[in-house]
Each structure stands twice: as C-alpha cells, then as structure tokens.
Amino acid sequence: MKKVKVGINGYGVIGKRVADAVVLQNDMELVGVCDIVSDWRIKMAVDKELPVYAFDDAFKKEMTTAGIPIEGNLDDLIAQSDLIVDCTPKSIAAKNIEKYKASNTKFILHGGEKHETTGHSFSAENNYESAINLDATRVVSCNTTSILRTLTALKRADLLDYARGTLLRRATDPWESHLGGIMNTMVPERDIPSHQGPDAQIVDPELNVITSAIKVPQTLSHLHYWNVKLKKHATKDEVLNAFKTSSRIKFINYDEGLVSNNTIKEMFLDMGRPWGDMYEVAIWEDMLKVQGDELFYAYVVDNQAIVIPETIDAIRALTGIEKDGAKSIAKTNESLGII
Amino acid sequence: MKKVKVGINGYGVIGKRVADAVVLQNDMELVGVCDIVSDWRIKMAVDKELPVYAFDDAFKKEMTTAGIPIEGNLDDLIAQSDLIVDCTPKSIAAKNIEKYKASNTKFILHGGEKHETTGHSFSAENNYESAINLDATRVVSCNTTSILRTLTALKRADLLDYARGTLLRRATDPWESHLGGIMNTMVPERDIPSHQGPDAQIVDPELNVITSAIKVPQTLSHLHYWNVKLKKHATKDEVLNAFKTSSRIKFINYDEGLVSNNTIKEMFLDMGRPWGDMYEVAIWEDMLKVQGDELFYAYVVDNQAIVIPETIDAIRALTGIEKDGAKSIAKTNESLGII
Amino acid sequence: MKKVKVGINGYGVIGKRVADAVVLQNDMELVGVCDIVSDWRIKMAVDKELPVYAFDDAFKKEMTTAGIPIEGNLDDLIAQSDLIVDCTPKSIAAKNIEKYKASNTKFILHGGEKHETTGHSFSAENNYESAINLDATRVVSCNTTSILRTLTALKRADLLDYARGTLLRRATDPWESHLGGIMNTMVPERDIPSHQGPDAQIVDPELNVITSAIKVPQTLSHLHYWNVKLKKHATKDEVLNAFKTSSRIKFINYDEGLVSNNTIKEMFLDMGRPWGDMYEVAIWEDMLKVQGDELFYAYVVDNQAIVIPETIDAIRALTGIEKDGAKSIAKTNESLGII
Amino acid sequence: MKKVKVGINGYGVIGKRVADAVVLQNDMELVGVCDIVSDWRIKMAVDKELPVYAFDDAFKKEMTTAGIPIEGNLDDLIAQSDLIVDCTPKSIAAKNIEKYKASNTKFILHGGEKHETTGHSFSAENNYESAINLDATRVVSCNTTSILRTLTALKRADLLDYARGTLLRRATDPWESHLGGIMNTMVPERDIPSHQGPDAQIVDPELNVITSAIKVPQTLSHLHYWNVKLKKHATKDEVLNAFKTSSRIKFINYDEGLVSNNTIKEMFLDMGRPWGDMYEVAIWEDMLKVQGDELFYAYVVDNQAIVIPETIDAIRALTGIEKDGAKSIAKTNESLGII
C-alpha cells in the first residue's frame, strides 16, 4: 500500500505530538516537520531523527547556524507532501493556506482557526465520512471535541434534550508556563454564552448547547461540568451505556483515588503514554448523577492530546485511504494505545 | 440605650473580622476575644487593645508566658457576655455549646456547623424576624449566603423557577496558604449535588436549587456560575432590578477592567476596606445574559467577609434589640461602608 | 508654612500609594494624579476625591466620556506643581522628562529607570543630604532599597566585608496577576551577577555585593537570602544592634508563627496598613545566624510599599523643605505608622 | 549469571521508578512490589504485570477485594528477595527494618531516613566501594545527592575551598498536589544552616558546605544557587571541565530557551524519558560565572528521579555483583539513557 506523505508545519505542543502519531501509522509516512525556532525545542526533532524544514530561507540560515540540519524550506516540504498538517499558531496558519492551495496540497488546520478558512470542521465520530477526499478541514478545538464526543453519545441514545456547561480552562500549557500565566486568580471569558457551544453546532447544528468558560490557574487540563436536560427520565446505566458507544470516552472513578486532574495526569504518565497524554475524555463515573430528567456530570479534557487521534483520522478522511470512519478510528486507537 | 455585650470565641479569619465589626456598632460592646494561640495572630488583638481571654487555664498560662495580657478564661468571657459569637473551627464549636447553654448565654455559630446544633439557620434578608429572641442561630456559610441573597432576589420578583450552579471554591485562605493548599490542579467535590443547595433549602425550602462544587488553586474568593430557569421570558432589566432589591448585591462590569477576582480584590483594597473585604456578592452586570426563559450569570463571593454583616444582624435578632430586619441591615450596612 | 505642591503622573501600584502618602504629610499638598486609563482603577481616585488629570487631550476625551471628571492634562498638572513624582511604567517615564525639564519642574523617577536619566539615585538613609535642592532624583528599586538599608546598617557598625545574596522575586503584582504571570515554575534571571548589586553600588560604590535573582510563582513580596562575610568574628547581638540603627528594618520571628511571606502579609493587613503595606524590611531575627565571621539571614521586601516612604523623603530633599535627613525620615515614619 | 532478586516495599513516587529501573537491568530480577493501597496507583503495577504483594494479611484482604491479584505479604516478598529497596514513607521504613534484619535480607533506605538506621550513606560517585557487601545502606536524599555530585567534582579538580548554597525546594510532588501544597507564598526552613549541608558531610566530612533552604509554590523540581570559594583563581573552562568528570551532571543553556524548570521538564518529556524523569543534575552552563576566586552557578534537581540511578548502583554494591563503581555507574547510565 502506498503510504500517505504527511508534512507538519509547526513543531509545537500539537505539532510534535502529531509527528510522533504519524510515525506510528503504517499507512502514513512523515516527510518532515517545519518550524522557525532554533532552540532546544526543534533540537528534540533532530534527536528523534525527523527531517527538519525551515519556514523560509532566512530562518533556514538562522537554524543552520544554530547547528540544526535543515532539509529545505516550507515550499520544499509542501512539494514532497500529499497533505500538510498545519500546527502553527493562530493567524499564522491563515497565511500559509495560500501556499497549500496554490500547490494543490491538502491541508488540516486546528481549532484555533475559523471554520470559514476550510469550510469543513472535523470531529471523527461525528462526520468522518463528510470529509472524505475534501481538500481541507479544520479539526475542532480540544473543548469542542470533548463536547461533541459526549453530547453526540447522548444524542445517539436519544437522551439529549439540551445541555448547559461550565468550562474550567487551563490557563496556559506547561511548556510555556514561564511566560503568560495567571496567578492566584480566576478569569472568566467575557461573554456568556462562550464560543465553544456555537463551535460544536458548526459540526452538529441540532445540538442545543450553551457554555460558559473561565480560566483557572493551572496548566494540566480542562475540566467541564455539565447539566443536561434529558428527553425522558433515565437510569444512570442508560446514560453510562450511551457514553460507552464512544471508544474515546474513558470512565474514571473518584473513589479509586482519581480525585483531581493532577492524579489523572499521573496515571497517564504511569501508563507510559508519551507526555502523559490522555486522548480520551475522562468522565467521572461515580460522580455522575441522574435526577429525574436531569443529568449532571464532570469530565477532564487533556487539551494537549485530545485532538491528536482526531487529526490522524482527518488525514485518512481527506486523503481517502480509508473510507470507513469506524475503521480509521479503530486503527488510530490501536496505534495510540486507546483501549 | 443599653449596649449588647458581645464575646467572641475564636480569633481567626472570621473572629477578628466580627470583632472589628462589633466595635463599629453603637448598640454593641465588645467584651473580649478568646483563643488558644500565643503567636502573632492574637498579638494583633493586643495591639488593637482588645481584651483577650484564654480558652482555659492551661492556655492562659501559655499565653501569659508569651507576654499576652489575659483577662480570664472562656467561662469568664461567657459570664460577662450577653451573647457569644463562636468562630472556632468546625467540631470545636460543638463542644463549646454546652457551656453557652449551661450559662443561659445566647450564641451564634457559623456555616461549618450543622443546622441541628442550633435549630435555626440565619440569613438576614431571608429570615431575620424568625430569629428574634431565639437562644441561638447558625449564620449559614459564605457560599450558602450568596446563593440565598441572589436566588431570593429572583424569587421576590417572581422570576425564579429553578437554578443550577457550578461553584468554584478558593482552596484555602491567604493566612494559612503555607499549610494545606492545592497546587496546579482542580479538585471536584465528590458528590453532585454538592451540599450547598440543600443548605440553602434549610433556610428556604421552596428553592429549587442544585449545585456542583470544585476547588481551584487560588486563595482569594469563590466564584459561582449560574444557569437559572425563569418562570417566564424576561428582559435583562427585569433581572437586574430583581437583584437590586438586595442591598448586599453589588454590580461590577467586566468592561471596566474588573475581569477577574484579583482585580476585584484590589478594588476593595483601594476602597480602604479592612483586609480588602467585600461583604457584597459582586455580580458581573455586563456578562449577565437572558436568553428566552433562561438566565446566565456569574458572581464573586469573598468567603472571608460575606458573613460578617450577617453576623452583626444575627446579634441584633437574637438579642431583640432591633425587631425590624430591614433596619438592622441598613444600620449594619452603614457601619461597614456598604452602599 | 507653605506646602510643597506635588503632582503624581501614573496612578498605578506605586502612584496610588504615593498619592495617599502625600495626603498624610502636613508639609505637602497633592495637586492631582494623572493617568491614561478610564476603568475602575482611576475611578478609585475619583471616589477618594483626588483631582484627576488626563495625560493628553485625547485621553481627556476618553476619560470624560467614561464619566471621570478631568481637571486638565499633564501640562496643566505640571504647571500647578512644584514637583512631579513620575510613577509611569518604564520607558514611558523617559519621554515625560523633557516636559518636566522644559517647565523647570523638579521630578522624581523610580527604580525601573536608569540612573543616568537623573544623575542622582536616592536612598533616604544613605544619601538624603546629597539630594537637597537637586532638580531630580531616582528612588532606587524595591530590591535595591532593601539591600542598601541592610548592608549599610552592617557597614555603619564596621561589620561588613562583602555580601552575596540570592533574591527570590515575586513574579507579578496582585492587581495584574490575571495577565502575565508564571505558573508552576521558577525563572532565573539570565545573568549572574544580577543587576541589583551594581545598582546598589551606584548609591554606595564601596559596597562589595554580588546578587543572583530568580522569579518564583507568587505575587506577595520578594525574599532575599544573604551570606555576608564580616570584617571580624561577631556576636548575633552585635549584628542585631547594627540592623537596629535603621528605623526601617523590622525584626520578625519565625517562632511566633511568621513562617512565610503570606503570614507576614496577613499581619500587616491585621495592623490596618492600607493594602497591608509593609514599608519596612522584615528580617527574621531568630533565623539569623552568625558562624565565625560569616553571617546568614533572610528577609522579606514588600515590593509595592518599600519605596513609598523613600519617595516622601525624596520630595523633601529635592524641594529643600527639610535639610536634615533624619528629621524627614522620622516625620515620614510617623505619618505612615512605621514605629 | 545469576540475577539479584530485588523486592520493592512501597510503590510510590520512588518505588514505582525503582521498579521500572530494576526491570531494565540484566543482572537483576524484580521479585515484586509491596504496598497498602487499593486504588489506581497500585493498579498501574498490575497493568504493568508486576507481582504485587500486600503489606500484611489485612491489607491483602482489602486489596484482593478491590480486584488486585496479590502474591503474598511483605514476609513472603522478603523471603524470596536477596535485597529489599524500602521506598515507604519516613517513619514507616524504620519499622520494617527489623523484618529485613531478622531474615538476613539486605536492604536499602532512602534519604528521608537517618544515617544511623543503616550506618552507611550512599552516593555512587563518592563511596560505591565502601558499600560493597554491606548489609544495608541509605541512598542520600535528592538535594544531598546533587550537592555531592557537584561539589565532589570541584573537589576532584582541587578547586573547592568552601561552598554556600540557597536551595529552592518544590513544595510537593505532582501526584499529591491536591493534598498538602503551599499557595502564593514562600516558606523558609526554620534553621540556617539547613540540614542538607551536614547530610552531605556524612558522606564526605571534608566538604565545607553551608546551605539555606526554602519551599516555593511549584511541584516540578528543586533549584539550587551556589556561591563557591575556589582554592585559586580559575577559568570558566577549568570549572566546566571539573563538572564534566561526573557522568550524571548535564549542561544546559539558558540561551537555547531553557530558561526555567518547566522548560527543562518539557525537554525530558520530549526525550521520551518515563515521567519526563531527569536523573542528572542540570547545570546552566552559560549562566555559570567565575569571578576571581569565586564561582557562581545554578542547577535544577529532579527530586523524583535523581536517586533512581543511585539506588540501582547501591543494589550492585550491597550485593557485590559489581565491585567496580565506575562500571556499575556506566551500566546504570546506559540502561536509563543517561549519556
């Protein structure tokens, strides 16, 4: 089987994870990773023997001077790739798109970008098939991905009337927590509803979902509290069974000592996951409560990891090497150790 | 007018604030404060020239040795007081109650204690009159006080159908943040619903309220997000007017730079409030959103301060020196600078 | 006695404190405060009934629109002031200087600026007299002020050979801790020696002092550890007596429960100091250790407050209304409650 | 070659790391791990297919009920092991010692315990040979290990006169940061000198070293600042070469973006080290400064990881399967990826 040639633009929090995940797929080949930095971060790619590209010739010069072997610039990477996963920061990605389009190279953006930039927003369990052979898609953000996974599961079981969520967001990622964090405070998002609800509705317009969001001073993960109006009175088991229809939802139990998001992080480090990554949404099973036609639950979202399997699936969908979403999801799950 | 003689048992976060507040009332006299510590904390009371009592003779010896002038022990304080405000930590308070009862001295407990210990739970705007001339009451906790103030305001305007809240709790108080805090994590309460909803229902059984709660790593204040089902479609102004019926709800605006609980704390320090105390519930006016018959809003609760005016009112109610709750509230507000 | 007319440019962390301190002096008059913001911060000045000025006419329009009564612009403030205390952020201050000079108005800068901008660096106990009737001075930074107070005290007692310090810096101030903090990390300054040692040597070139500095994730205060080579073997009492020659060094004791900088902050809030301000350097008396000819000690510096009394003294020195530094210091101390 | 049979008592922060490290050694066999908990933590050992033992029969029952397959109790583990690595918390370890002694089983304790409990304190590069065939040793603490590695390197090059250090300690470990942390504060150790200096002197009494220590609110690692008096004027290269004589000291550069301990942690996660573990002392090469006969430098210590290679070496020394310390260190380094 011919492998899909994947290039990655932007070797940061997401880019480095996508790179490692692509390497694990037997139907993909990593052409290289592209960046602009010359410091320890890109040197890790060199240590992993990944081909490194510079954004342009000016950066190529800088990076070469810093001792980093450079294979070429972004144009070279595009030329050799069937598909580019763009993991550059917001606003920069938009500028690269012209290049991808001009060269007729398929591309994937991430949740920081607007839906309009690609015209398609991707969530594997929701709309894999609609992305097949498209030129481009946007993998929705970490928060939106988690909302779609969980609410869609309830919807599949015909349980969901409407959902109201409070989203506690990590303030910054660990690797840049020396830069722009928040300290001994909580910072609400200005607007209620916050943007995550409408973002989920781009993928599934039928969802009745409203969210509020707030930043809290920790770096590990997001944590969502939900209050869901069910279509009918239901048992806890019915709800759990609904969630079990997603292979990327994991149940955890407070009474087993998993009482906080730091303990969850430690468990995934114990499991040997790279960076302690949790690709799954972790719902507290024993905290979950059904009361009449109301459902209450909380879960944790690893904002650095949750979109990685989604991105791998999106590569298969766009390139059409797998037409069946369920098969792609199963394949991705196995490669990443999601069971 | 004969002043009510008030003794305070426990000179900690709450006790020291109640002491200062009692001193400001022209119908009360502070007999003294009682504690067991010999360190800088109680020396602040000495510096303020408050009469200091020791819990018992053993502590009296210790404290005297540490250079603290001691007026007597708890029994002496009780003997000279018309009413004791017990601000000792949970579980200790319960043991003191026998003493208060044995000497026929009225007493006030705080929210950490159970309703059953006094048989009455107090919230000034809700049930001042029901406490008049009782022997004892429990001023409900900071979170419960804020829930009662806000939901009762909506109820008075006949707007409230039911309310669902997510409570983000400060992890520990500033003065003991060197001891038992949480770091770079979030810790949900085990049970949904959390205890604050049922606690509010002790005061007003008609309230349909369910809460979830989680500790976040900051020391400043609690922050609540609410999703309220209204009895009817309403305008934002109707909701704001409902909240304005409480003199202890303050509107703040995100767009005036009050974007987080640390900025709110700084504003109250700027105002010259002692310890930067905020006795009010601070609702973000411009974030508040009405959508059909649903209301969304967020507010901040200063857990160290909100029960102070409540406690002053409770003293008046129990001792019967003011039979009109509205008058007591107005008097307390003026003394503390609540406008 | 004619009072010195003082204008304050920049109503932030330092500016608002200087304003309140000026108001407390019977030989000074606060003409007004000048800023560019239209939010809650400057409204606090309005609430305190301070005359407010806008930086220029564009900001005047903005601030007026926001409901803030404006007395005039910076030029107007300068015209009515004998002296301007510039508390604007680094780099902005430099631009204002031309205005002060053009109008022959004396001015004071703060430690963020370079020595060269004024040609004089001020530390009250070190060089008050040298600033008398100068046109301008720079009050040295919080860290440098603390170094000068403590090492000069040792020098006065002929004890100081050389000093090596490790400076743990607060990462950001409480009022802006929602913006650019550091989280769950420690960030060393790039260069050893760090700049504080040389900055102290500008005021006293004889000091043999080398420092290293690091930011830690808290907002309350700086904390310095010192290792001092003494000129001779000394007793602990000799060292303590040396420190006692400064009225702005305060001894605290770990064994009295003051085990951390949050407890110290709480103590100053208990004392009723505005914002819990600590103008003094707080040295742990019982931790201090003399071993042969080596001295080890640690102290806490309130970076928001320590330069306030220094600034008041600098006003008196520049304007010549008090020729005796010791008298100015005593007067300032009394007004601010430093005993 | 007959493999040494190693049992591990206590499957916590250190125990789980030692277990994984033992598995990597071709001259050791992991008999099993023993604990008292029934929650997610020990289930990770089950998932890794490690034989699990219960501390006693009561715990065996509890753990079995929780679904954990139990091989036996501590006595059984001891009976099958040539050596026990005790990783239980302080004070508990002391009680187990009697068992190890009674059964004539060699054992290793960690730095939390006192030297006297074993009569030997171990640091691989310092005194491997002195531990050969002993019954027991104590691997010194993370801080002490780092002090010995670095100062001994300077001593070997005949550069060290005396050393004065300021130790910034992490407040708690990530996995238990929901329990007893410190928040927005800094907490000095009561006594100067702190205990780490004397602890290093147990291993090398010739070291002239004095330390101060303070807890800061982060969970990642310790960071030490040192001021060293050299025996003579030296160049930076001489100092660097001295440090290079240790295979467990790693140079990092601030100018390559490694500006804080969170970036260092991320780099080790990028490298694929389990838990992002850093077994080495990471000295900032470009920050290091020599000035005359004074040396200034800072380094980071991963308190969860640094003693792991030391413990592996200690197993070889006690059991005598490798008489040459250098060979054991090289073997351990290779197995753990220390290069």
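In order of appearance the chains are A, B, C and D, and numbering begins at 1 in each one.
We adopt the following convention: contacts are C-beta pairs under 8 Å (C-beta built on N, C-alpha and C of every residue); 3 or more make two chains touch, one makes a residue touch a chain.
All values derive from a computational prediction rather than experimental measurement.
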Required minimum of steps from chain A to chain D, each step between chains that touch: 1
Pair joined by more contacting C-beta pairs (C-D or B-C): C-D
Most distant chain from chain B, judged by the mean position of its C-alpha atoms: D
Distance between the centres, which are taken as Cα means, of chain D and chain B, whole angstrom: 47
Chain centre separation (chain C, chain D; CA means) in Å: 43
Separation of chain B from chain C, taking each centre as the mean of its C-alpha atoms, in whole Å: 36
Touching two or more other chains - residue numbers and ranges from chain A: 174, 177-178, 182-185, 187, 217-219, 259-260, 262
Touching residues (chain side chain C, partner chain A) in the complex: 171-172, 174, 177-185, 187, 217-219
Parts of chain A lying in touch with chain B, wherever the complex brings them together: 164, 166, 168, 182, 184-188, 190-193, 210, 212, 214, 216-220, 223, 225, 227, 254-255, 259-262, 284, 287-289, 291, 294, 296-298
Contact footprint of chain A on chain D as seen in their complex: 16, 37, 39-41, 43-44, 47, 174-178, 183-184, 256-260, 262-263, 265-267, 269-272, 274-276
